[in-house]
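Residue numbering begins at 1 within each chain, and the chains themselves are lettered A, B, C, D, E and F in the order written.
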Amino acid sequence: MMDEDRTDEAEGGSGIVKKFMYVNRKAPYGTVYALEVLEMVLISAAFDQDVHLVFTDDGVFELKKGMETAGIGMKNFSNTYRALEGYDIEKLYVDQESLDERGLAEADLIVPVTVLSRAEMAKLMGEMDVILSA
Amino acid sequence: MMDEDRTDEAEGGSGIVKKFMYVNRKAPYGTVYALEVLEMVLISAAFDQDVHLVFTDDGVFELKKGMETAGIGMKNFSNTYRALEGYDIEKLYVDQESLDERGLAEADLIVPVTVLSRAEMAKLMGEMDVILSA
Amino acid sequence: MKFAILVNEGPFNHQASDSAYQFAKAALEAGHAIFRVFFYYDGVHNANMLAEPPTDDRNVVKNWSTLAEDHKVDLVVCVAAALRRGIKNDNLAPGFRISGLGQLIEAGIQADRLVTFGD
Amino acid sequence: MKFAILVNEGPFNHQASDSAYQFAKAALEAGHAIFRVFFYYDGVHNANMLAEPPTDDRNVVKNWSTLAEDHKVDLVVCVAAALRRGIKNDNLAPGFRISGLGQLIEAGIQADRLVTFGD
Amino acid sequence: MSLLHTVAKSPFERDALSSCLDLSLPGAAILLYEDGVYGALKGGRFAERLAEAAKTRALYVLGPDLKARGLGEDRLIAGVTVVDYRGFVELAAKHQAVQAWC
Amino acid sequence: MSLLHTVAKSPFERDALSSCLDLSLPGAAILLYEDGVYGALKGGRFAERLAEAAKTRALYVLGPDLKARGLGEDRLIAGVTVVDYRGFVELAAKHQAVQAWC
């Protein structure tokens, strides 16, 4: 999917490990953010950083099961979330309030996540060194 | 300001006069919409159409008096609203509710407008032939 | 019925251009005519022939060019919006032409319906 | 202090690129260093040398090129985002270079602060 | 004749749906597409307001966008009609003008 | 150390400010710039919520953006500090990280 970037870029961090957080706040397909954030996330795996993925607000829609995109003529990238584990990216967080106000439940999600309250999410965010948001 | 478009395009409508409405819903400077809608509006004057300009939601901020853009390095196009009269574009509408919830009053606006309720605005919109919105 | 279509967002970043394309195809299949597709604001980026999306995804620019070729659809890019954003004859994809905003107003007058995609 | 800057919107359509430029200038004037400015999503359009805004308005692309020249600021355009949107060496403005997303992650690691403009 | 209003943005993120409901007249049609489809989610924050609107306006949702987002029709509030792109075209044809709230 | 949160979008149009207030901690700083400055308008819909936030967070507004939009400092709610781009830089420097809500 996104391998044109993955060459000659490993490390570069010279041993520094920072807490990175990727904040997903946008629904998939309506805009490209969900897809291009994934491309960032996969690259950061190559740098051995401490990666946290947060899905909040409309970002929780990115994880909805059962997407079928043939009818809109766009590529379905939903399975990439399942592949994250293979890159050792396993810290995925969703907040309960965002699910609730959208009529979604944890069972709707395509991958296992840690469900936090919005207050807990705020605390986690407060511990980060670098935050990338979309 | 925006004359590169105004050549060899007069009329083209062969006598048809439609009710055009331009719906301004975006604040100025944060995005280009306010400016590029004005460019559309000025062109439609050359076509002798029945032009209605609506400012609703954040669009009411476009008409705020006293803009000074030197500090953000962008061009101030605020005076163009004053020039609309010279193009016989005189039907400008603002809705009271949009002003109210933004802490603005009619006296804040750079040009005279007709203030409607949101219900009256809906009715006016319902009479249009062509609606262009941003 | 004669439709005019206005596309206000660039390709890939927003779905607007994809939706406009699907709408245009459906209209043609239903026997309607497309008077013109006009590209304004960031919509002018749809005409950038240098766009090279990943091969496993759709090619929005090529979709428009193909539609223009197959159905003689008039694809017009606003000159003022395009100049600002670096779209010129140098990088204009096949099937598009650059012209003035008057082409949009004319489309609003001549077509039975104007349908807008994106903001 | 070493800043990295991420620009996520194209020029003219959104103020994000203008704000990022003003921030970069102010940081340099205050004696800070700019480790890198990275352009992602529609931000890659900032590197389009064909952009020709009206002469009575600012030229966002040229502002960046000048900044790069005057202060040796590293302006990096994401290759994957750029290919999708038609930004290549053919139309790349002076002072920009095209490289991988790893350059952004590296900036996040090496700089003291990463500041993002636009969504 | 009445207007067709279209809403393409998520009501959780933008004010588009809310303004559309304020500024559309009884008798009008409203089509939710792209991220706009989320407005019609059963149990969602906009369910009640949309159900109220459905009493006086005709509500439509674009099926291909719904499916792309992993949502079945069973997830929608009652009173909404699902259409395809052809249906979108016919809605535009049968109303006097189209207002896009984005 | 705490975070600097930035908000560049109008709270009337987008959910950015609202999420920022939910997801920022007491002790954090919040800078409103670009169309985000409208959030701090006296008499505006967000005045009350921001005044409440100002009790536990440091609120800033970017002056050049305020001026561009024809707004004087007298139009802002109490408890907000106006800064210039240099001030923005110093805020970013003195907080541990910056979260952009757009």
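One rule holds in what follows: a residue touches a chain if its C-beta (ideal position, glycine included) is under 8 Å from a C-beta of that chain, and two chains touch if they have at least 3 such contacts.
Since the model is a prediction, treat every value here as computed from it, not as a measurement.
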item: Contact-graph separation of chain B and chain F, given in steps at minimum; value: 1
item: Identity of the chain that, by mean CA position, is farthest from chain F; value: C
item: Chain of greatest Cα-centre distance to chain E; value: D
item: Pair of chains joined by more contacts [C-beta pairs], A-C or A-E; value: A-E
item: Centre-to-centre distance between chain B and chain A (centres being mean Cα positions), rounded to whole Å; value: 40
item: Rounded Å distance between chain C and chain F, as computed from the means of their C-alpha atoms; value: 38
item: Whole-Å gap separating chain D and chain F, where each centre is the average of the chain's CA atoms; value: 24
item: Intercentroid distance (Cα basis), chain E paired with chain B, Å; value: 26
item: Residue numbers of chain A (touch at least two other chains); value: 2, 25-26, 29-32, 57, 72, 74, 130-131, 133-134
item: In chain F, residues with contacts to at least two other chains; value: 8-9, 12-13, 15, 34-35, 64, 84, 97-98, 100, 102
item: Residue list for chain C, restricted to those that touch at least two other chains; value: 12-13, 15, 19, 22, 41, 54, 80, 83, 114, 116, 119
item: Category of the chain touch graph - line, ring, star, complete, other; value: other
item: Interchain contacts (touch definition) - all pairs; value: A-C, A-D, A-E, A-F, B-C, B-D, B-E, B-F, C-D, C-E, D-F, E-F
item: Chain A - residues contacting chain D, complex; value: 2, 4-7, 9-10, 12-13, 16, 18, 20, 26, 32-33, 36, 39-40, 43-44, 46-47, 49, 130-134
item: Interfacial residue positions of chain C with respect to chain A in the complex; value: 12-15, 18-19, 21-22, 54, 56-58, 63
item: Complex interface listing, chain F residues touching chain A; value: 2-3, 15, 19, 22-25, 28, 96-102
item: Contacting residues of chain E [partner chain C, same complex]; value: 6, 8-9, 33-35, 64, 84-86, 88-90, 92-93, 97-98, 100, 102
item: Residues on chain D engaged by chain C in the complex (per definition of touch); value: 10-13, 41-42, 45, 48-54, 61, 80, 83-88, 90-91
